[in-house]
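One chain, chain A, appears in both complexes that follow, with chain B as partner in the first and chain C in the second.
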Partner chain A sequence: MNPEFVVPIDRLQERLQLKLIDGYGIMCMYAVEEGKMSRGIRTVLRRDAEILSLFTPLESDTYDMIHTEVPQTRPYEREMHEMSGLNPHMAEHYGPQRLQWAYKDAYPLQKASLPEERVFRPIPDNRMEGDGIFEIPVGPVHAGIIEPGHFRFSVAGEPILKLRTHMGYTYRGIEKLMEGFTETDRTRIIERVSGDTAVANALAYAHAMEGETEVPERARLLRTIFAELERIYCHFGDIGGIAQDTGFSVPAAYAAGIKEKILRLNEIIGGHRFLMGTIVPGGVRRDISDDSLREIQNRILKVSFDIEELVGMMEGSSFLMDRVETTGVLTHKDAVEYRALGPAARASGVKTDVRKERPYDAYGDVGFRVFTREKGDVYSRMLVKAGEIVESTSIINQCLDQIRPGPLRTEVRTADGLGLGIVEAPRGELVHCAEITEGEIWRYRIRDPSFINWLALERALPGNIVADFPLVNKSFNLSYSGNDL
Partner chain B sequence: MMSILVSAIQAVFLIAVSPLITGIVKKVKALMQHRRGADILQPYRDLAKLLRKDETVSESTSFLFRVIPFVCMAAMTLLAFMTPVFFTGILAPYGDIVTLVYLFTLYRFCMVLGGLEGGSVFGGMGSSREMMMSVLIEPALLLALMSMCVLSNGGTDISSIPTLLIALGSAAFCPALLLAAASFAITLVAENARIPFDNPATHLELTMIHEGMLLEYSGRGLALMELSSEMRLTIFMTMLGTMFFPWGISTTLEGLDLLVGLVAILVKLVVFAFLLAVLESSISKSRLFKTPNMLTASFVLALLAIISLYIL
Partner chain C sequence: MYQKTLKNLVSDAKPVEPFEQLEAKRLSRPDPNSECTLCGRCARACSGRAIVISEGRWSVDLGRCVFCRDCYDICEHISSVPAPHYALRREDLVFLAGESRDVEGQLPREKTKAVRGSVAIRELDTGSCNACESEANARGNKYYDMERFGIKVTPSPRHADALLVTGPMTRNMLVAAQKTYDAVPNPKLVVACGTCAISGGLFVTGDVVGEGISDTLPADIFVVGCPPTPNGMIVSLIKALGLRH
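Coming up: the complex of A and B.
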């Protein structure tokens, strides 16, 4: 098991700062209600494969907040205020982050039943003031088929001075739901956290439940194949989206076509276009025939040519290159300070990839490169994603070479304590934390990469013009429902 | 009498064919993307649908909001009467080049007001971007047409340009014609809010220019705005086909000549629509602040056209 330390609240800030200097990053932080456990704050840190979990017992709801000193904790402290009722006076400063409404003397994650009455939380008016500075509200309803979220831009003409994101329109209470139900239903819920991250979420849930359980080899290889197929179609969608948002319709249509072919492949091999219902704690739900494996191999072979063709098409257009280069730069400094995740961080020169640092399933048995770029602009993010598609095809091929007949599933022995599931979702490091007591889940926390990367997006935007926002947003392509849960 | 009748038919023809041209552009773009695409007659159905629908008007608007679609439509209808299509005689012979250019400006000005009327952010942004573009489009457009006046030696009278160009015969094919046509083609793309200047097919309000100003319109008002912007595209293409490359147009009222003129302009329109669709499919939208560069290029081309007339 991972070492666990109890840190009193007055020492927490100092301890975290020391650990951050040491190279650790805050992976997750959440509040636990008293009952079967004592009340407190759980902080999980990671440095490569090393996991460190801290528990801070709390006497009262109010404590001296630390996010002004430790910027990485900002989203977590906001979340603890919003969902677990800590620091009741925090609301005035920040707007809703995961939930649009609030309860009087109650909070969404409490064990007791919630009152009927609820009030909508206003979005704070902390606009910038000055001559010729305007505030543009956008959303929550957007054009096209995308998720809801509210953006506030402070602009001086076209250039953006500040962006604030306000989420919480797709809150479904998934963390609360996870405390009940049977295992089958929980898998079904967890796959629907964010539609195109179904495999990664199911995988993280499985890992959180499995603990030390040894998963059969065939299941580990199949899981890896599923996870990489998901990454491939997500990245194709993202790259095509960049073309679409610059009005470059032909490559956009081309990428959409390839994505569709992979979704159809998914349907053939897993019975579901987004591969829902394939991964369960202890293994995989059903086997894949040799015919389907060959089908995967054929498609994957074509994919590596397709991505070359697609990127070539886009790089061949000087108009498009002019749009994507130097647009929406996330600096290396910001990426490190806010601990940006996934392709967005890798495009800013942060070499982070859970698959490499803390291999799970079959990632320890396959060779692949972690793609990084230095500039942190839209083009870098596009290239990182393109590179990852190529690496994914290679990972799948290696898995297909290694795959042998064998058992698919074992009995899961869920141990009490903190169950951790850390996987590299297409958008970055996805963390599931399960506080298990007496064999049951007391608190379940999902930390989607989008939860952190929305802040990175806020950092990447100032200095760009309003007309480029959709493009920058598309290059991050963050999940709204993964943030809200 | 006969000439008035033919001229009136020209104007009606221009109005009637406009949605078809938009339909063709959309169809070709769809085919370029390996999509089947909507029928080329779809714009007609859209207009019919919009005309049947009720209008929703924001409470914050004044009477201008309702008037503007009619003003825009009126400006375009007037332009349809002023443009030679398959016959050089036109119904509004007093209109000259300057009137023509400023009718376009009137149209654009009203659209900008309409965009601001709704009080929405997207309309306001669209309007401000449109004004930035229009400052640059206007001189380029005027200069390109002026160079045709100089080339044909006919003053600013619209109907005399095609007649005199045809009379010049092969001598009309000079660098000035091509330079002016190139300049006009760039303004055509810019004025009609096409890629790389604006994306007519986008759903992203934050990037919109032309579409942003139309966001608040619905029902009948939207139908008129859509039809007038489809007409603007067709009128621009017709001008390119009759004032820069007039060959085929009928200068007399004889049946055969008129028929040849009609076929010629139809072929020209379809070719231009096809070329526009190919252009839109092969490049992406440019950076907003780079559009002035392209419009400057258009202006410089028109200037070169005029200079070349005097020094070559």
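Coming up: the complex of A and C.
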């Protein structure tokens, strides 16, 4: 198992700073309740395949904040303050992260029963002020068919000076629902954390529960195929969305058609359009017939032509290129400082991919390239996604070559300790941490890539015009429900 | 380049599916055969607590079912039968063993006064997992093409005849949802779309308000599925509102 170190709270900030200089990145940070475990803060860091988990015991709920010196920890400290009741004096400056209706003298993840009474916490009005500077509030109900979120733009004329995102509208309390005995299969809930990341979430949950269990080879290959199919339809949706938001409807309709074909393929092979209910801890739920495998192969062959045509169509249009180039630039410096994840980071020149750095399932047995671009604009993100689709088809083909009949499932014996599931979801590195003690999940933490990338979006937007916001937002394609849980 | 692509798009052998084909594609629901001993294994395996065995009767509530098919895996006596696309009353979604009835009725005329040949809908997400949104977006693609039936998505609730509500109604969305509902002009319809909206689904024990949206907004049509299929959403609107097809 991964080494675990105990770090006292007054040394934590310094230790994290040193580790970040060493090339580690903070993957997840959360507080653990008192009871079967001692109260404290868990920090999980990663450098390539190397995982480091730090535990910081807490005597009291108040401590000196870490994020003043280590900016990567800011979203995590806000989360710990809100969900686990740490640092009650933490500046109200940021406003609620998820919990707009807070409990009085209580917090959602406490083990004692929660009071009925709720207190409304308004969004703080710390707008930018100056001559000709206005604030445009948008949401939570948007014009399109998307999820709810609230945005506040500070604008001087057209250009955006500052964007503040306020989330929490889809907060359903999933982390609390995940607690309890490990025998209960919670895959149904975990698949519905974020509908279009169902496979990645189920996979991360399975890894967290499996620990050292060896999964049969056929199951590993099938899991990889499912995960890549999900990546393909997600990325097609994004690229089509970019075309849609520039008003170029031919490629948008084209991409929607291809996405639909992949969803129908999913229905044939897995019985569900979003492949929910295909992955279980210990393997996969049911087998795929040879006919279906051939069906995948045929469909995937067409996909690599489709993406070439789609990108060619979009690149051939000068007005679309005018919109996407140099729009919404996430600089390399910001991407590193905030530890941006997934295609957003890769488009800014950060070569990060869990599939390569810490191979899981069958990713160690297949060859593929990690796509990076340097500029960090919408166009780069589009190209990275297009490149990933091509690599995904190659991965699926390699898996189909290797697949042999064999068992699909093994018995899972969940060990006590820290269960980790780290998966490259279509949006980036997805982390599930399960604190398991005496056969019970004491704390379950889901860290969706969107949780970090919303901050990256806030950094990428200033300087662009308001009309470009949907475009930049679509190129990041962040999950609201995955962020809110 | 465009010509080639347009040719490709057009030559795709007219992918638009006729209404009959959309209607025929249905989700499946579990139904035990006569050999069912009411042992309760399926009820225990049901994540959504949709299958209930009480007073010697087996029943499944499609408003709670997440269509995961765990019950088929666990018991050989359970077979799959086609599920309805929608129902007009919540209690119509509860099916007993061996029961089959047509619940896909049409709304009374006074409710559909605003709808004459076409309907403008406004989508409202009250905390769904974005699978419903993805499917709602898919209704516009070339296979389903809902606009040919007169179903149109409007950006503003002011222009809407119906609200399509997804998600279990989270506490944070409550005020926004009520304001959106108030903004829709009368007469208005509410479509509860998906298991979360109908009953709260798997999140009913989480931090949500009531069981589904019915406690907050008066739902007129209940579209089943987790998520409902694009054709299910289209067929529900057409049949319940009596649109031409």
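The rule is simple: the second predicted complex is superposed on the first by the 479 of 485 C-alpha atoms of A that agree within 3 Å, B and C clash if a C-alpha of one lies under 4 Å from a C-alpha of the other, contacts with A are read in each partner's own complex, and residues count from 1 in each chain.
By our rule, contacts are C-beta pairs under 8 Å (C-beta built on N, C-alpha and C of every residue); 3 or more make two chains touch, one makes a residue touch a chain.
Computed from a predicted structure; not experimentally measured.
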>> Contacts for A:D401 in the overlay, against chain B (first) and chain C (second): which applies, first, second, both or neither?
In response: neither
> Thinking of the overlay built on chain A, is A:D22 touched by chain B (first), by chain C (second), by both, or by neither?
Replying inline: neither
> Regarding the shared-chain residue A:E374, is it in contact with chain B (first), chain C (second), both, or neither?
Replying inline: neither
> Regarding the shared-chain residue A:D291, is it in contact with chain B (first), chain C (second), both, or neither?
Replying inline: neither
> Touch check for A:A243: first (chain B), second (chain C), both, or neither?
Replying inline: first
>> Quick check for you: in the superposed arrangement, does A:G312 touch first (chain B), second (chain C), both or neither?
In response: second
> After superposition on the shared chain, which partner residues are touched by A:Q100: those of chain B (first), chain C (second), both, or neither?
Replying inline: second
>> Under the stated touch criterion, name the partner, chain B or chain C, that contacts more residues in chain A.
In response: C
> Which partner does A:D64 contact after superposing on A: first (chain B), second (chain C), both, neither?
Replying inline: neither
>> According to the stated criteria, A:I465 is in contact with first (chain B), second (chain C), both, or neither; which is it?
In response: first
> So which positions on chain A get touched by both chain B and chain C?
Replying inline: 143-144, 250, 253-254, 257
>> Quick check on the complex: what are the chain A residues that touch chain B?
In response: 136-138, 142-144, 157-158, 243, 245-250, 252-254, 257, 317, 319-320, 322-323, 465-470
>> Can you tell me which positions in chain B touch chain A when the two form their complex?
In response: 29, 32-35, 121, 125, 128-129, 195-196, 199, 201-207, 280-290
>> Going by the contact rule set out above, which residues of chain A touch chain C in the complex?
In response: 98, 100-101, 108, 118, 140-141, 143-148, 168-174, 176-177, 185, 188-189, 192-196, 198, 237, 250, 253-254, 256-257, 259-260, 263, 271-274, 276-277, 285-286, 309, 312-313, 316, 479-481, 484
>> Applying the document's contact rule, which stretches of chain C touch chain A when the two form their complex?
In response: 1-2, 5-6, 8-9, 12, 15, 47-48, 66-70, 73, 123-138, 140-143, 153, 155-157, 167-168, 170-173, 176, 180, 201-203, 205-208, 226-227, 229
